[in-house]
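Below, chain A partners chain B and then partners chain C, in two separate complexes.
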Partner chain A sequence: MAYPFQLGLQDATSPIMEELLHFHDHALMIVFLISSLVLYIISLMLTTKLTHTSTMDAQEVETVWTILPAIILILIALPSLRILYMMDEINNPSLTVKTMGHQWYWSYEYTDYEDLNFDSYMIPTQELKPGELRLLEVDNRVVLPMEMTIRMLISSEDVLHSWAVPSLGLKTDAIPGRLNQTTLMAMRPGLYYGQCSEICGSNHSFMPIVLEMVPLSYFETWSALMV
Partner chain B sequence: MRVTLKSWDPAPIAPEKWFLCLGSEGRGRGPCVGQDKHTHTHTHTHTHMQMSFRATWSLVLKKVGPGMRGMHSPGSAANSEGKMPPYTNYHAQRSYPMPDEPFCTELNAEQRALKEKEKGSWTQLSHAEKVALYRLQFHETFAEMNRRSNEWKTVMGCVFFFFGFTALLIWWQRVYVFPKKPITLTDEWKAQQLQRILDMKGNPVQGLASRWDYEKKEWKK
Partner chain C sequence: MLSQIIGQTKEHPALIPFFLFIGAGGTGAAMYVLHLALFNPDISWDRKNNPEFWNKLGPNDQYKFYLVNVDYSKLKKGGPDF
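Up next, the complex of A and B:
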């Protein structure tokens, strides 16, 4: 989850998110360079007494400031596309979990082996146990085995929602009548929080997602209990 | 004879009064009265008192300010034919210092005589005549047109005033509008929350848990 005075993205829990962290550093560096250059030029322009009101043409500088941004854009696009294609690689998931968005909760279906279905509602602030995170905790967490590739199928029963877990680099829209797929792979055990990311009504901010990544044996015990 | 700047420099309009006398200077059309320093000052003050209300009102209607410079390009063809003076603002522009049109167009007999004399050798002109010719051609000297103003004090004053006003509004809101803070913002809850996050090793790579020393049970130095 996010922590106080956090400046950047949350720590990566999946390999794709690691790639995205590096890409974010790269793109942000370009952004800072361009912004500081522009800020410097603006400060120069505001602090000079010189004037020049008869510019007719400026072919050389126009060429430079067309070609150079094109190169910069290519430098941003190439790593971006690389990660995009990396997300779509064939990875043979071991488990498939379906999640349906509702107003205003998520429901999860683990139907590979048994028929396991449950709803996941946010815990209201008054019912939180001491030390729990406000607006982020849920009654039934999504327990999943760690270090295993999991296929998530995401859809909605009513309006648009979006299933997002930032530390895994996941955000997939839940569209009624459509099945969207994403791949989940966590390298560390623990709790990973996310929130609904598509406006869906009055309680859009109050339908969070909590993944509990556990070793496989714990997952098997849990799913046997839950059925 | 000794030439000093002060001998011919009529008192320029005080910068802090610029927003009251919009339009009353810079109107070079019509007779340029009295280049002599005494009458110039008096006339100027008189006209600016007379014209200030009308000028300000008409300028309010046209939404003129320092930013209007760009709207009428100085020295455009339309300007040179029509009634508008070349300097459309009271303030000459450093970036357009020498328009084709002179500042004063209706000259009295004495001024016309001077213009005739100008056609001859300039060494024949006295210093006072040269100054008079300058004043006919141009409204202000570079020193006058580039003078500083006290506008920044007004701006900063208004900025701080609005800061203060906003602060009052926010204070009122905190007292009468905002709801109670949730229990999770108390120090005790925040401490328990932090302990829970450290226990579950949230963000252990570069984030929060990475800064906690689990052996010594304290923040890393």
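Up next, the complex of A and C:
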């Protein structure tokens, strides 16, 4: 989950998010290099007594500042496209879970083996127990088996919503009348928080998502209990 | 237009890399559109001889432009053969 004064992305829980983290480091390094170079040049420009009022032609510097940015852009585009195509791969999910966005809660359906449906409302701030996270906890968490590829089918019953879990690098819009698919694969157990990411009315900020990734045997016990 | 480009680069040689990159980018974009037109399974050029092109998809064909980890020709069927 996000923590106060956080500067970067949340720790990765899925392999795709790891790739995204490394790509973000790469792109941010390029951004820092360019920004510091520009800032340095500006400071040089502002603190020099030298002047040159008759510049007509600057072939060498123009060549450099055409080739260098083009190379930098290619260096950013190639990893980016690679990750984009990687996110779209076939991966043979072992489980399918459906989630429907409503105003203002999520409902989950696990219908592969039994008929398990439940709603997931945010816990109001007045009712939080000590240690729980404000505006992030829900009454029924989405319990899922870890280290297994899971297909998430996402849609909405009323207006646009978006099902997002930053730690897994997931964000998929919930569009009424349309079924969107994303794949989820968590490498470690734990609680992973996300929030609705598409404006959907007055309680848009109050419909979070909590994934509880557990070993497969725990998941089987839980789903037997919940039906 | 090519003579204009060559004329301009003779006067300003710094334009050479510019034209190279723009040319490569434009050619790449045009080639990608051509690739889509020729290989996208959603397209039929000859409605008479290829009426139901959406029915010709195979499980081991590659339809994506670029594959990172998956090799479609090596995918095996998950269920039993009947």
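The criterion applied here is as follows: the second predicted complex is superposed on the first by the 225 of 227 C-alpha atoms of A that agree within 3 Å, B and C clash if a C-alpha of one lies under 4 Å from a C-alpha of the other, contacts with A are read in each partner's own complex, and residues count from 1 in each chain.
Please note the rule applied: a residue touches a chain if its C-beta (ideal position, glycine included) is under 8 Å from a C-beta of that chain, and two chains touch if they have at least 3 such contacts.
A quick note: this is a predicted structure, and the numbers were derived from the prediction, not measured.
Trainee: After the alignment on chain A, I want to confirm one thing: do chain B and chain C clash, or do they fit together?
Mentor: Partners fit side by side after overlay.
Trainee: Of the partners chain B and chain C, which touch A:89 in the superposed model: first, second, both, neither?
Mentor: Second partner only.
Trainee: Tell me the contact category for A:6 with respect to chain B and chain C: first, second, both or neither.
Mentor: In the superposed model, A:6 contacts chain B only, not chain C.
Trainee: Between the centres of chain B and chain C, viewed from chain A's Cα centre, what angle do you get? Round it to the nearest 10 degrees, please.
Mentor: About 90 degrees between chain B and chain C, seen from chain A.
Trainee: Could you tell me if A:132 is touching chain B, chain C, both of them or neither one (first, second, both, neither)?
Mentor: first
Trainee: Contacts for A:81 in the overlay, against chain B (first) and chain C (second): which applies, first, second, both or neither?
Mentor: second
Trainee: Which of the two partners, first being chain B and second being chain C, lies in contact with A:53: first, second, both, or neither?
Mentor: Only chain B is touched by A:53; chain C is not.
Trainee: So, does A:188 touch the first partner chain B, the second partner chain C, both, or neither?
Mentor: So A:188 only meets chain B here.
Trainee: With the two structures laid over each other on chain A, which partner does A:62 touch: chain B (first), chain C (second), both, or neither?
Mentor: Only chain C; A:62 stays clear of chain B.
Trainee: To be precise, I mean the smallest distance between any C-alpha of chain B and any C-alpha of chain C in the superposed model; what is it in Å?
Mentor: So the smallest C-alpha gap separating chain B from chain C comes to 26 Å.
Trainee: Using the superposition on A, tell me which residues of chain A are in contact with chain B and, in the other complex, with chain C.
Mentor: In the superposed arrangement, which is not itself an observed complex, chain A uses no residue for both chain B and chain C.
Trainee: Flag every residue of chain A that touches chain C in the complex, lowest number first.
Mentor: For this pair, the touching residues of chain A are 57-60, 62-63, 66-67, 70, 81-82, 85-86, 88-90, 92.
Trainee: Would you tell me which residues of chain A are touching chain B in their complex?
Mentor: 1, 3, 6, 10-12, 49, 51, 53, 125, 128, 130-134, 167, 188, 190-191
Trainee: In the complex of these two chains, what residues of chain C are touching chain A?
Mentor: Contacts found on chain C: 12-18, 21, 64-70, 72, 75, 78.
Trainee: If you look only at chain B, which of its residues touch chain A in the complex?
Mentor: 94-96, 182-184, 188-189, 192-193, 195-197, 200-208, 210
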